[in-house]
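Both of the next two complexes hold chain A, though its partner changes from chain B to chain C.
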Partner chain A sequence: MPREAEPSLNEKQFVIQALQENLRLDGRELEQYRPLELTLGDQYGVADATLGKTRVLAKASAELTVPYTDRPLDGIFTIATELSPMTSPAFELNRPTETEVLLSRLLEKTVRRSNALDTESLCLIAGQKCWSVRVDVHVLSHDGNLIDAACFAVVSALRHFKKPDTSMEGGVLTVYTAAEREPVPLSWLHSPFCVTWSFYGEQGEIAVLDATWLEEQVRVGSCTISLNRHGEICQISKLGGTPVEAVALLQCSAVSLTKVKEFSTYLDEKLAEDAKRRNKGGLLAELSAENDR
Partner chain B sequence: MASTTRPTLLPGDEIPSSLIPSHPTKPLRLGPGLRHLPPSQILPTVSGQLITLPQKSSMWIEYNSSRYIPTQSDLVIGTILRSGPDFYYVLLSPFTPPATLPHLAFEGATKKTRPQLNPGSLVYARVTLANKHMDPEVECVSATTGKADGLGPLTNGGMVFDVSLGFARRLLMAKSKEEGKIEVLELLGGEEGKLSFETAVGRNGKVWIGSEDIKTVVIVGRALKETDEKKLGVEAQRKLVRKLIKEMK
Partner chain C sequence: MPLDTSTYSLALLRVDGRRWNELRRLHAQIRTQAAADGSSYLEMGHTKVMCVVTGPSEPGPRRGGGIGGGAGGQSKDAEVVVNIVIAGFSSVDRKRRGRGDKRTQEMQSTVANALAASLHTHLFPHSQINVSLHVLSQDGSLLAALINAATLACVDAGIPMTDYVAACTAGSTSTYAANDESADPLLDLNHQEEQELPSLTVATLGDSDRVVVLVCESRVQISRLEGMLAVGVDGCKQVRELLDRVVREKGQRMILEGTVEKGTGLNDLD
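Now for the complex of A and B:
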């Protein structure tokens, strides 16, 4: 399989020189994201996030299965990430590259292990029936900062997703179609987002947000911080690279919080817009059989 | 000169016979995007503008694509991949087989004085051999005069920007202002911007910009990329240049 072409010496040198003068090739500030855009699909649970030229599509779906025997009270929640050759010819199907492994692990850590989705609410009959919620992440175009874009897409897809309504009567489980009863949203506890920092310079003293692919190729280290808008940090991963001072990292996490708040409000706005679009004539509240938590 | 009428054609469209150049002596030459179906039918295989040159008895279709296919005597910007015993291997576009650049194809190069290029260096070169079934060959010296004519390694810093192939061709036109409708470079370098920079345009969709000042390179690169991506007209280009210059100060 062809390897990704390395940037030329001139490009590498220039990107670093420019960053040392606080300049970026696309005219952004160092701590500025590219314009983030989210399109929610007609179907529940489809989210298409674009960050500049990076584009990620996430699709959430649910099916009925048997829970794992060691966790009879929990539903199943998986995130499937696959980088296909559509993203770049350097990616091959069924042969995960390091980027892919890191991406899926980070998403797991951010969304699954921070208990953003209440998996207990997915269980229908203890030890017998539960929902298995699955999010498929498709990277449509790769221009750097896959992690942030993918995380945003996954969280948006899950927040937008609605699973079929069910009821238990006399030991009989009924699953209703969308025509019978309005589907219900997942029980969602908090929305974590990833913010990735790239470091440049000999001691990693220049910290840059939302690096493009070219910038990612010349960075000396990176750090991904996942947190929600209340400032609760779910994970920090700094995988190798040049060591960075703790004070600098603290500052990074403070800036990350403002970014996450922006993401959060943007997503809320988009979801509200989508709900309004679907709720023609204001009848959705009557259709819903869901109880308040 | 290209004729003034440039009809837009779709693949398989019939070409009006009045547009096909007929020269008394020169045979008709078909360029990219056209296909001759014997005995006498000529069909476009891509969609784009039909351009005819009656003096040279040639015609082709001008269309914008992303994939570069090497053609003889194209000027290109390549990245050195590695050095072989007699050749450098040069990458013209990502994920394609590398082109070869003989060690001695530089101005005044002998076995002892040839330039030593490290992997990752940039060269401005001309394609000398390009056909379907072989890797392309490039050179940095004119084989007839032995002069470099501006070709050679691009050593003094600078930055390469990727643009679309159609845009690169428009930049390379002899009258890029009148015919290509590109004014950004002249505006930035002229009265409006007073920036000093040098450029090298490769037909493989790469533009190298060099300058003493890093800010200048960034501004010029952004102006070019924006003009290309947003398909700006002349008036919009002037506006863009004014905006960028203001931002710079």
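Now for the complex of A and C:
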């Protein structure tokens, strides 16, 4: 397995010295993200998020299966992350690296364990039929801050996704095609987003948001905070690295909340724009199976 | 398993009769395995962990499973490789966990990176420090117990380090759903509380307020973070004192037994 090329000593020193003078190589502020862009696909549940040169594609899909025997009332929800050699030669197929394990654990904790998706609503017949929702995360290009981009893509894909409408009548389950009935969105409870901080300096006193790959290679520690816009922390992980003052971490969490609110508004705008594009002439309302109670 | 935490507000006592700022009994031993370079045994309440450190030694052939905190055998820093084995009998329900379990792998990498931050790995180029952790019994605060045991074993192995990495957990009395402002922070959660309440694991370096590890896996209001973190950091200082006492007592006993000569450097033990 080829190792990732490390930056040279001069390069490392240059980046660190610049950061100590509050400068970044691409001219950003320390707490500024690269331009975040989201493209929603023609198909429901396809989201392509780009953060500078980092690009992540997430695709949500659903199929009918039998629920797990120990959880007959819950649907199944999985997030599959795969870092292919396309991203970087250091990644190999079927041999998860540390990066991949940590990324998939983070997405799991942020989106799945925080109950962002109501899995109970995916159950159709208790113990017999349920939806299995799956999100596949493909990293198309890696230029640092994979976590934030991947998390944004996953949440966008799930928010955009619509599953086929179903009905139960007299014990008979009918699944309607998109032509028969307009598909319905998932029952979504809240949208968590990850914000990753990188720390630099002897004491980890310089905190930087959205590090590029070069910056990530020279950092001394990192901390990922997942929040939703209601100010609920879904997950924090600072897994070792140079110790950072507790007070600094609290400040980081406060700044993260403002960033998460920005992400949240951006995603809402994008989704509204997409819905408007699809709903030409306002015909969608007539196709909808949902009604006002 | 629903836990009745509503009684807390009546007596201000937790399910096991502790107050909010009390640690469970922390019992630790070092040099438990005579043949190992460093070893320790640690109990935090009913969470029991054993640790064996081998090294710094020449890196052997690369094995799968272990996740390193350093940058590989050829680097100028020693690599810290951590392996965690969770015994099948350690929890109430016998759950089989393979080596590929992502949660275990995450804990391995956390312990490795936490130790790498405190150990002076630059003194041992081209070498490897193997930390092997065995979980014998689980009752909450597992990650904290693992970090504490690994620190003690590294002290026993005589690997130079900046200071102790001491860890403990902190929680908050009401669940995230109940948005009440009167939530009290709690120190050192057991399994029952961990299931029910929002919690976080904190590890600090020595006496300082500097946080090495901060892991929170449950939903909690951002306003409660400050209180929980403060209690956690304070708990880490208590844990550090306890770990320090264990090391000093063992050192004194070794001098009395004549295992080591009373040298100049050891005078400050008494």
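Heads up, the rule we're going with is that the second predicted complex is superposed on the first by the 290 of 293 C-alpha atoms of A that agree within 3 Å, B and C clash if a C-alpha of one lies under 4 Å from a C-alpha of the other, contacts with A are read in each partner's own complex, and residues count from 1 in each chain.
One rule holds in what follows: a residue touches a chain if its C-beta (ideal position, glycine included) is under 8 Å from a C-beta of that chain, and two chains touch if they have at least 3 such contacts.
Being a predicted model, the structure only gives us computed values, none of them experimental.
When the two complexes are overlaid on chain A, chain B and chain C sit side by side with no clash. Rounded to the nearest 10, the angle at the Cα centre of chain A between chain B and chain C in the chain-A superposition is 100°.
In the superposed model, more residues of chain A are touched by C than by the other of chain B and chain C. In the superposition on chain A, A:89 contacts chain B only, with no contact to chain C. In the superposition on chain A, no contact is made by A:278 with either chain B or chain C.
Of the two partner chains, chain B is the only one that A:27 touches; chain C does not reach it. Using the contact criterion defined above for the overlaid structures, shared-chain residue A:11 touches chain B, although it does not reach chain C. When the shared chain is aligned, chain C comes close enough to touch A:253, but chain B does not.
Per the superposed model, the minimal spacing between any CA atom of chain B and any CA atom of chain C is 10 Å. Considering their complex, residues 67, 69, 72, 102-103, 105-106, 109-117, 176, 200, 204-205, 208-223, 225-226, 229-230, 233 of chain C touch chain A.
Considering their complex, residues 79, 91, 94-95, 118, 120-122, 154, 157-160, 208, 214-215, 217-218, 221-222, 247 of chain B touch chain A. Interface residues of chain A facing chain B in the complex, by the touch rule stated above, are 2, 4-15, 17-18, 21, 23-27, 89-90.
If you check the complex, the residues on chain A that touch chain C are 3, 98, 101-102, 104-105, 108-109, 113-115, 203-204, 221, 223, 227, 231-247, 249-250, 253-254, 257.
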